[in-house]
Each structure stands twice: as C-alpha cells, then as structure tokens.
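Here is the structure we will look at.
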Amino acid sequence: MVKKVCVFIGSRANYSSIRAAMSAIDKNPSLELQIVVGSSAVLDKYGAVINLIEKDGFNIVRKSYMSIQGETPATMAKSTGLCMMDMSTIFDELKPDYVVVVGDRYEIMAPALAAAYMNIPLVHTMGGEVTGTIDESIRHAVTKLAHIHFPANKESADRIIRLGERQDMVFTVGCPRIDMVKQIMESPFENINQLCELFGGVGYEIDFDKPFLLVSQHPVTTEFVSARKQMAETLQAIEVLDMQTVMLWPNSDAGSDFISKAIRSYREKNPQNKIHLFKNLPMEVYITLMMKTACLIGNSSSGIREGEFIGTPCVNIGSRQAGRERGENVIDVDNDSKQIEDAVRKQISHGQYISKHIYGDGRAGEKIAEILAGLGKIDIQKRITY
Amino acid sequence: MVKKVCVFIGSRANYSSIRAAMSAIDKNPSLELQIVVGSSAVLDKYGAVINLIEKDGFNIVRKSYMSIQGETPATMAKSTGLCMMDMSTIFDELKPDYVVVVGDRYEIMAPALAAAYMNIPLVHTMGGEVTGTIDESIRHAVTKLAHIHFPANKESADRIIRLGERQDMVFTVGCPRIDMVKQIMESPFENINQLCELFGGVGYEIDFDKPFLLVSQHPVTTEFVSARKQMAETLQAIEVLDMQTVMLWPNSDAGSDFISKAIRSYREKNPQNKIHLFKNLPMEVYITLMMKTACLIGNSSSGIREGEFIGTPCVNIGSRQAGRERGENVIDVDNDSKQIEDAVRKQISHGQYISKHIYGDGRAGEKIAEILAGLGKIDIQKRITY
Amino acid sequence: MVKKVCVFIGSRANYSSIRAAMSAIDKNPSLELQIVVGSSAVLDKYGAVINLIEKDGFNIVRKSYMSIQGETPATMAKSTGLCMMDMSTIFDELKPDYVVVVGDRYEIMAPALAAAYMNIPLVHTMGGEVTGTIDESIRHAVTKLAHIHFPANKESADRIIRLGERQDMVFTVGCPRIDMVKQIMESPFENINQLCELFGGVGYEIDFDKPFLLVSQHPVTTEFVSARKQMAETLQAIEVLDMQTVMLWPNSDAGSDFISKAIRSYREKNPQNKIHLFKNLPMEVYITLMMKTACLIGNSSSGIREGEFIGTPCVNIGSRQAGRERGENVIDVDNDSKQIEDAVRKQISHGQYISKHIYGDGRAGEKIAEILAGLGKIDIQKRITY
Amino acid sequence: MVKKVCVFIGSRANYSSIRAAMSAIDKNPSLELQIVVGSSAVLDKYGAVINLIEKDGFNIVRKSYMSIQGETPATMAKSTGLCMMDMSTIFDELKPDYVVVVGDRYEIMAPALAAAYMNIPLVHTMGGEVTGTIDESIRHAVTKLAHIHFPANKESADRIIRLGERQDMVFTVGCPRIDMVKQIMESPFENINQLCELFGGVGYEIDFDKPFLLVSQHPVTTEFVSARKQMAETLQAIEVLDMQTVMLWPNSDAGSDFISKAIRSYREKNPQNKIHLFKNLPMEVYITLMMKTACLIGNSSSGIREGEFIGTPCVNIGSRQAGRERGENVIDVDNDSKQIEDAVRKQISHGQYISKHIYGDGRAGEKIAEILAGLGKIDIQKRITY
C-alpha cells in the first residue's frame, strides 16, 4: 500500500531544507507526496516560493493564506492559530499517513499540532539543534510532539534522545539542504553576470568578476523593536567597507518591516551606495553567490550550515544563530558596525575554507524517503522514555 | 510594581487544579489576577464552570467561545487554532506579566503558544507527569515552551529537569488541587442527603446512608471510536454489582458524545437501573462523595491524585492514567467488565486507605503565589541545558 | 465549456429545498455539480445530513466544521465568520462559475459574501419572501449580493425586483422542495408502520393506523430566552389533546438547546406521555407523515409550503413564519396552549385540504438547471436599478 | 440611562467620514462612545489611523488585526470572516446599544452582520448611494441589515426607502465628512510649505507657492489584474503635464500592491519625475491641499464629495465612483492617459468652482448624535415594507 507523505512548506528556507527529500519521496513507488504551502511561502511579497515549487515540477495540493498583517508577536500568534485551523481541515481531507514539518519557524507549530491531535504520525527534520529566539522553544516542543525524527547531525540526534524520545525513531540522515548544495556545486549557475537583468531587484549594478559581499539579515523575534537599529549597524559597516554588495530582503518574521525600513531609509540617504537588492533568488543562484562571495554577512543559518559545506567565509551577527554547531568558516560578532567591519576584513584576507561535512554528506533526502517507505505501523501513543 | 498573572481555565478539572493558587494570587498584594476562560469551561453543556468561578468570588476578564462542534480529532485541532487566535488578542489587550496554564488538556496549547510567541513568561503547573493519550505529548511540549515550572511532586520535577529545563526555574510545590481537598476534608459538604434535590440530574434516588459507587469515565482521545464500547463494559460491571451509583457525564474531549450515547442507551434499555447522573458537581460535593464512596470507578485522575490524599478505594480503568504516579489506593484494570467487577469487590472489602501525601501537603497554591511574587526579571530567551 | 455550479448546504432544510435542483444540475451535460456542506449539516447531532446526501448518490467535495458551541447569538455570528473563512479557501480551490445558496439561515451569509467578494456570480433561491426573525434581514441582504434569483413564487419575484434587482435576472421557477414532494406523493414511504424500528428515536410506540399528531418546533432567534417557555406551551396542548404524537428534535439555531431541555424535562415529568421523538427523518418519510397526520403543529415552514401542496391541516405557532404567503390549510395561533389546542381540534375535524399550488408545479429544479446552463456571461458588477 | 454607541473604523476614509459624529456622540451626556478599530486602520503600512484617532483625543476600546496577507479577493473574503469572529467577541464584551458602520468597504460587513445576528440595533451612515465595484453590493446589503439609516443626501434617502426600509428610520443628515471640511476651511493647515519636512514621504520637493497637482488613485476590486495598467495611464498623463505633483499611496483594497508597484517602477525608470509621495496625511492637510491644488486627479470619492463643498477642480478616472451624485466640479474620464491629460488642462484653466452643498451643510455629526440620543426602543425585528 502506498503511504501518503504530506510535507508542509511555510517559507523559502523550509523549501530549500526539504526539497531533496521531496524529490526522493516523489520518486519512491511506495510513497505519495502531498505538498501543502502556507505562511510567507504563498506570498508574492516574500518571493512567491509557491511558484518556485511548481516550476521545480512539484504539484501543490493545498495552500493556506494565514499571515495576518501587523507583524507583531501578537499577529504571529494569531496567524499560527489561523494556520492550525486550516491544517485541521486540510489533513482531514488529505488523510496523510505522515505529516512532515521542517525546522523551527513559528508557523510549523500549526501543522505539527494539527497532525499530533489528529493521530497522524508526525515527522520532524532538523530537530535537536540549539539556537536563539523563539525558534529554540518551538523546535524542542515540536520534538516532543513528533513520532519520527530526522536530525541533521549526531549532536542533534543525541539531544533528541536526551529529550526522552525513543532511540529507534531517531535517524541521523544529515541535512537535505546539503544534498542540493552538493548538486549545485557540481553545476553552478552559469549566468551570474546577468543576475541583475535576470532577477530584477533594485540598486547598484554588480560586476561579478570583481569581489563582492553577500548580505542576508533577518529580524530577531524576541528583540524586534531593535531590529531597525541592528540593520543600521550592518549597513554602516558595509558603507565603510565600500565594496559592491548583494543584499536580500528579510523574511516575514515579526520585525521584518523594520529591517526593510532601515534598508529603504539608508538607500534614500545614501544614493551613491553600492548595494543591489533582490527579493528572492533561486537556491542555485544563492549557492553560486556563496561560492563566489568574498564574505557572507548577516544572521542567516546558511552561512553556518551550507557555508560550512561550501567553505564560504562568513561573519555571523548577533544572537539569532547562537548555539548552532558551526565550522571554522564562521566568525561571530555582535550587532556592532566596527566588529562587523573588522571581521569582514579578516575573512576577505583568509578566503575559502575546507569543509568537514558536519551537516551531512549530501544523501539526506534519499535516506529520509527510504526510511519512511520502510517503516512499519507507528505507535501513535508517545511515552517519554524516563 | 504589581505583576499581572493571567490564568487560563479551559475545563472544570483545570479550575479545581488551580483554584487554590488563584485564591493565593488574588490575595497577594504584589500580584493582580486576570482570569480567562475558554473551551468547555464556558459551556452550559459541561456544567458552566464559568458560573462556579464567579460564584466563588472571582472576576472573569475574558472568555473565548472556541469549541467547534463535531468532537472529532479534526475539530479538536481546529478549536485549538481558534482558541489561539482569541488568546493572541486577549493577551495583547491584558498585557500580563505571566500566563499560567494547567496540566495537559488539548486547549492549553493555545494560551501556551500565544504567550510564548508574544514573549510573555509562561508558567506551567502539573508538568513532568507521565500518562497516556495525546495529553502525554501536549504536557511535555508545553514544558519546552514554559519558563517557570510548578510540578506536583519530586518525580515530575526531575523529569522536567531531564527535559533540559533550568533547575532554578523548577519549583516542586505539590498539587494545588490537594490544597482544596485538605480544606474540604476539614469541613465536608453537609447536605449530602439532599444531593439529588439540590443538584438535579436524572435517575435513581440515591440513599447516601447506604454504600454507593462513584463513576467518572472520560473518552480516551486516541481510541475515540471505541469510547462507546469501553463505557458499555463499565456499565455492564455496574449492572452486575447492583449497587446504587452516582455517575458523572463525561468531559468535552473528542469522543465524549460516544460515552454519553452509551449511557443514554443503557438507561433506555435498563429502566430499573440504580444510577443517578449529574452533569457537574461542585468540588466540595465531589470530594465529600470521594470520602464516602465504597469505590470510585473510571479513568479520572481524581482517583489517583485526590484519592491518594483522601484514601478513597479506586478502580482505574484502561490506559488514560497510564504512567501517573500512584499510591496503594488504586487497582488498575482493563476495559473489561469482569475485571472491573472483581476489582470493585476487592476495594469494597478493603475500605479506606491511609495517605502518604505523594501529591503534596496542601500548601501548593500559597507557594505558587509567593514564588511568582518574588521572581525577578525572567529571561525570555529559553536555551536547552545540554 | 462545462460550467461548475457550487451548491452550499448548511442544514437539512437547505438540502430538501435544493435537492431537486441538484439532481437536475448533476444530469445536465453543460453543468458540473460541486457540493459543499457546512454548519449543522455536517453534525451527527442534527441528523448527519451529510450522510443522507451521500446516500442519495451525490458526491460531496468539501465540508466545513464551523459551528461553535454556545448557541447564543454571539456564537452564531462567530460561526458565520468561521464559515466565511472556510468558504474563501474552498471557492479559491474549486473555482466555481456559480455559487448557489438557499433561503435565509444565518450561515448562508458566509458562502454568499465569499462568492460576492471573490467575483463569483451568486445564485439565490427562495429569495423575496417575508418572514420573522433575523432570517428576514438575511434573506433580503443576500438578494442585494446575488446576481441571479430563483424565487419560489410570483409575489417573491415582484419583491426582488422592487429591491432594485435587474428584472432579467429574476426567474420565477417555483420551489424545488415541491418537486420532491410531488415525487414522494406519487410513491410514498411504504413501511410507515415500522418507523420506530427503522429510525430508532425514543419514546412511545406509535400505531400509524390510528390518528396521530406531527410536531416540529424550532427556536425563534430573536426571542431565544423564551424558547423553553414556548415549547412548554406546545407540550401542554399536546398533553391535553392526549393523542399519539410524532415529534422532531429542533434544528441548530441559537436557542435549540432550550427547546431540547423543555422536551427532556417534560418527558421526565410525564413518563406516561404518548410522544415518540426522532432526531431526523428522511424527507420521504416526513412527507409521508404529512400526508397521513391528523394535524401538523409547530413553526416549521413545511406546514406552509409543502403543507399547502399536500393539503396537510396545519397549526402554525408564533412569529417564526410571519409574512410567508400561505394557503387555507394553515391556522395561525400564538404561543399559547389553549389557542394551540383549539386550533388543532378544528383542523382534525376539517381533515385534508385541496392545494392551489402557490409554491410551484413541481418542475423548479429542472428549470433552475436549464437556466443556469443557458445563461451567457454574467455582469459581475451589480448596479441598483433606481 | 446612558446608551452605548459602538463605532467601527476600518480605514482612514471611514474615520474622516465619521469623526464629526464621534465628537458629537462623545460630548452628548446621554451617549457613551465605544471605538473599535480594525482592518487597515490598525496597520502602520496604511498610515496607522489608530494613532491619529488617539491623537485626536479619542479612547480606543478594542482593535482587531484581521487583514490576511495576499490581497486577492479570496483573502479579502477570508479577512472579513476573521473580522466577523473578532466582532462577535467584542460586541459580546462591550454590549453596545447601537453599532455604527460607515459606508461600503468590504470589512464593514463584519461588524454589520455581527450586530444584526446579535440583536444589536445597527446604524448605517452613507447608505443609499450608487457606485461601482463590490462596494455597491455591500452598501445595499448593509442597508437591508441596518435598523437606523443616516444617508448623506436626499437622493440616497429616497433610495433607502425604496429598498423597503421604514421611512421613520431614515434620517437625511448630510455627510459628517463635510462637517470637518467646513471646520478646516475656516482654519486651514498653516505650514503647508513645510509639508515634506513635517510628513516625510519620498520624492520631489514641492514648492507650494506654485501650482501643483494632487493624485489619489485606488484599485478597483473587480478588475484588480488591470490595476497596474490603470495606474500607469495616470502616471503617463502626469509625465506629459510635467507639473509638480503630490501623490498618495493607495488604500489596502485587493489590488493595492499592484498600484504601489506601478508607482515604484515608474519612479525607478523616471528619476527626474516631479512627484512627492505621502503615505498618509492628516485630513486637515489633505483638505488644505484640495483648497490649493490646480486639479485633483484619481478615483477617490473625496473629489466628488468634499471637492463639491470646497469647489476643487477634479478629474475622476474610471468606474470606481460611477453612480455617485456629483456637482459641476468633476470631469469624468476613462483610464486613458490622453483623456486624463485633456481634462486636467481644462480644469486648470477653469479654476475653483462654487459649491451647491449637495452633501450637507456641515452639521451632520451633531444631528446623528442628537437623533441617537433621542430614539426610543428600537424594534429589532425588521420587516420589509412591501
């Protein structure tokens, strides 16, 4: 009997973290893939991830418009409630055998809880990690709801087991995002020189034959009032470094509007800046940029995770990635323009690093599909092991 | 500065588990009590707990109608999403310094997540226990979201710490429900002989000067299709025992309609039965019944927890209380009429037990209020300890 | 090109009012039928209309659990909001060419508004009538949102046109409910003597070879506090008349719990009563009962509408059907046991009436399907005609 | 007894249309004002109307975050459902004696329906008018739900009565927006020359001593795909006219993102343009601009309504204001850059017009408060008059 695997995608990060597994599930004759998209992934404003997914040949079966405007912690909570209502209806219609949720963004609580309440085995990838913000609480709470765990590395697997989960339901497969990185590194995006023409965006025309910086900074939920100030520090460092810079708009977390405002206001005041802004870039382009950039700056997990595999010099700012296992390619600094500037100069002179593959060998997706296909009946009744 | 403590009550069990703490918070000059009521606690159908709360002299500041009819796992999830939406609005208006949630019923996820997402320190009582059903997952997930823990006993406290929580935020205070039990045992309900006149209900007129059974059985969420069958087994045992019986209607979990149906159908078919059904009884009456009953039968936690303190002989049926620490007063049996019958006969001949106070000494509420009043600024950023 | 016609069904009355049109749509090669079920029609408690629909061979494409417990005017409004959220998602997925809503119950505002906002031509049947309660406001408001009108009679059609609707979009087709009545009258339900065995229910065993009364009474929304009192008057009249009586449980409007309570309390106090209660009966059974009953009592529209076609002697109580066009078969009385009693006695001595077909000739469903199939592009922009 | 009057405000247009009545209600000793804010009025992105209201000295008692991102017709419907859920809770808490809704924007259906379902007398201002878009349907549907009507002019009052409303519940008071216009005209905003410094915005520095254009264009809901194209026509005309131009960002209707995009893209491509963009301006500033502008261009109702009172030369584009009664100051044109250009040139040479006060004499707010204070018990049961 074919088992239905329902994957929830709520953001572009979600998608790139699970795409390799989705492909493998889709190809596995014992499994049927059901894709449900929600949160910022359905919104044009955040790059219409939904279109990327379809362009990649996947069939989306349901979508949920659930993002309530306001982008305060209260609307984040209200949006999650709304998403949970939608998910209960969707799962009732789709009747999946597994629900898969990725990582730790706020909206994944909605499909996670709906699945758990509806007695559908819950699969969680990228659990057991340690970071800052509310993500830290969400990730471990989802672990306590999930039946099957696919952590990205050994350290995370150990942590999941210490949280009282059954050892036989914890499978260390590596990070599926690395699968795609590996693939892209084998054939990188070719037309990097036509990037601005191809993907629009606004601002300075980058010459990709010369060194450039890459910036990706997101709001830190529990400190959202200072999000604007933090972005201003980063922009100040970039101003001083005076290099051409590719920058991405922030994701849809509480506080993202503040970052966007900081960027807009900076551009109005510094019409001579060398920044080109993109709304969203296909992963293959982003990874290619990571392969070529002089330094990746910001607080995205990509510097730590994909960066380690690629060997990208990276300056990680602030608390957002606190606790996440990292390689030698990362220098951590505070939200301080001087520290940022100094670290970037150090990274530029160092150049590329050599990876130790701490986030997997590039076969995670394949392993996830195989394990799900092979699993017998799941005991829906969880029980802490101590 | 007075700190606002917002307590969420979603069911009658919730209320009796936290009432002693509510009283102590209300009396503490450093604390202001904000009561929010939702789920079955606002519904007449489940005994209008809201009226009890007001009759007890508390002031309710907000209520949420959130129970979506259907009583399937899907509507349970949808209801929780709806409750989460309401809670986000309510907390945004009330701006509490703490949000307190009790235990492990499905709806508490709504205030727990809303508080966590909104950076309000979350207080959890009765965490760290081990039981069956989805409650098991919910309880531990809430632990991973909560900032301050008030477990009922040492064993539970240890479990919370093993789950990676900071030891200095775990306070073993005992169960506040026992505070009230103690108080009631000192002056029990006097007019027990007028019970049927005073509290209505339907069925056989009980003579409380003669031995009687007490039955409280709820649906087991993850097995809801068999809820009706399970109740039929219990009713079969009661039929054979042929004693006068006080029975309570089930709570509002998925499956409760099935239990109600089993009861109604039994009554139609056995017009000569000796059962009197009550919709809901004030705790003082219920505890007095526990002090006097020949045997408490069912799967309510009251037999294990309050029963241990009172010394009530108890027959616990099925998986609902699996894993909960218990004293000598409990005999566990399967959903099987013969096993139930035999165990009840054994308990009747044994009579009252002597308590070892494993769920506290009756001062839990007081301790909770004192600790909340004394706490300094809470670090809203959680971090697993390993 | 085949046009997709999405029909929303929210109650058993809805269903029987549109079933003939559904069959005709389903058979029409130019039309595709999409059935969406919500409100009380998905609930077991109200007779699981959803199962009837499927048993009749229709395919349900979506359902919405939207009934929030509490059954007060506030939860009625909240439920409608919830239904509207669900409908927006459903219509976005189904992309219907028409949305059809029936009559005037509170929940139909949800699909009506969702369709109007989403630029989907809205079809309304049974508009233009005049009654009491909030239904009166809802019906005319839906008329102002609808693009295509199928009133049941000439008088209603005139009223719709006076409301400023385009004359060419108002089609007087008769009431589709009469189509089914006609069909059933040609071959009535045969096993009426086995009714209690076949359809369960509780209470007195009716002998259908002897005269019997038929009672169907619903709460009047804007007077819900007195719903219990009103039902008590009716029960008092029945007590005095001392005839065997078939009674139906009320629908799910605000106040229905009060009526149910009045019935339960009456039965407890009058164990010797001659009432048999059914939760819900298939329309074919109900119509057959209307053909045979000595008198139909209550405030259901069936007495006025179907009753006129069948010729059933009917006593209509209170304000619920005020303003609805009626034939000679109806005697109107207040909520007063004496008035009810007298009117029933008068009807019993009169016996059957002869119909003047004021609600159509039994071909309404067919006409609706033909007109929808034949319509060209609808001008989605409405404009009042004066 | 003081009567509680709850006013719902969902947009900045709503606010300026009812502010005069709010002031009068607030001052009336027989009335208590309860302000509830929702939809775009709570959002920073649309000018944080909520802050204006508080700055004006009003006390906001509740707010509803209800705008679901996506800005398609489907999310507009979903948002309205969400708002309706919130309103049911809010009205249940506030227990108003009247609920007041203004005009015809999509979100007002939420408070209107909630009030009607909850048996609260519904008051509607600015009903009976005729325009394009879905607003046309909404306005008349609200009339059919409302108990008390305050149309802005005689023509609208007649239309309401023809819709079957009781004549004694229709009060022609004029438009409360004109009350404020009158007040502002008596003491206009003084620092108009410092506008850009004071209110920020982006773009060309306007010299207010020289002639300037004023542009306010919103999406037309039922044609939202072409919203971008329509805005491009307007921008093209402005380009050719080559005058300095004050422009406002669009409101939050479905399609507003498309207009914003058209503006952003135009600015990127025409760095030499003479447009200054403001997010939102206080009414006193906007009216002062209307007094001084050479020509108001767009599809805002302000040109027709306030413009008639002020005498502003106005070019009204497209279908959005179709059917609204207008004075001589308006020239209607299609969404065509040439037509727009020609009409603007004609208006510039004409200059100011003289008003005939077709939208009231400036005492509407006062009259509304007096009437509400004086009304006896409202018959909650509506009944069409024919």
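When the chains are written out, they are named A, B, C and D in that same order, and each has its own residue count from 1.
The criterion applied here is as follows: contacts are C-beta pairs under 8 Å (C-beta built on N, C-alpha and C of every residue); 3 or more make two chains touch, one makes a residue touch a chain.
Being a predicted model, the structure only gives us computed values, none of them experimental.
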item	value
Most distant chain from subunit D by Cα centroid	B
Inter-chain centre distance, subunit A versus subunit D - centres from mean C-alpha coordinates, in Å	41
Distance between chain centroids, defined by C-alpha means - subunit A, subunit C (Å)	52
Shared-contact residues (touching 2 or more other chains) in subunit C	65, 72, 74-75, 78, 82, 85-86, 89
Chain-level touch network, classified as line, ring, star, complete or other	complete
Contact set on subunit C toward subunit A in their complex	62, 64-65, 82, 85-86, 89, 93
Residue ranges of subunit D touching subunit A (in the complex, touch as defined)	42-45, 65-70, 72, 74-75, 78, 82, 202, 257, 268
Interface residues, subunit C side, partner subunit D - complex	72-78, 80-89, 91-92, 106, 109-110, 113-114, 116-119, 130, 132-134, 136-138, 140-145, 159, 162-164, 221-222, 319, 323, 380-384, 386
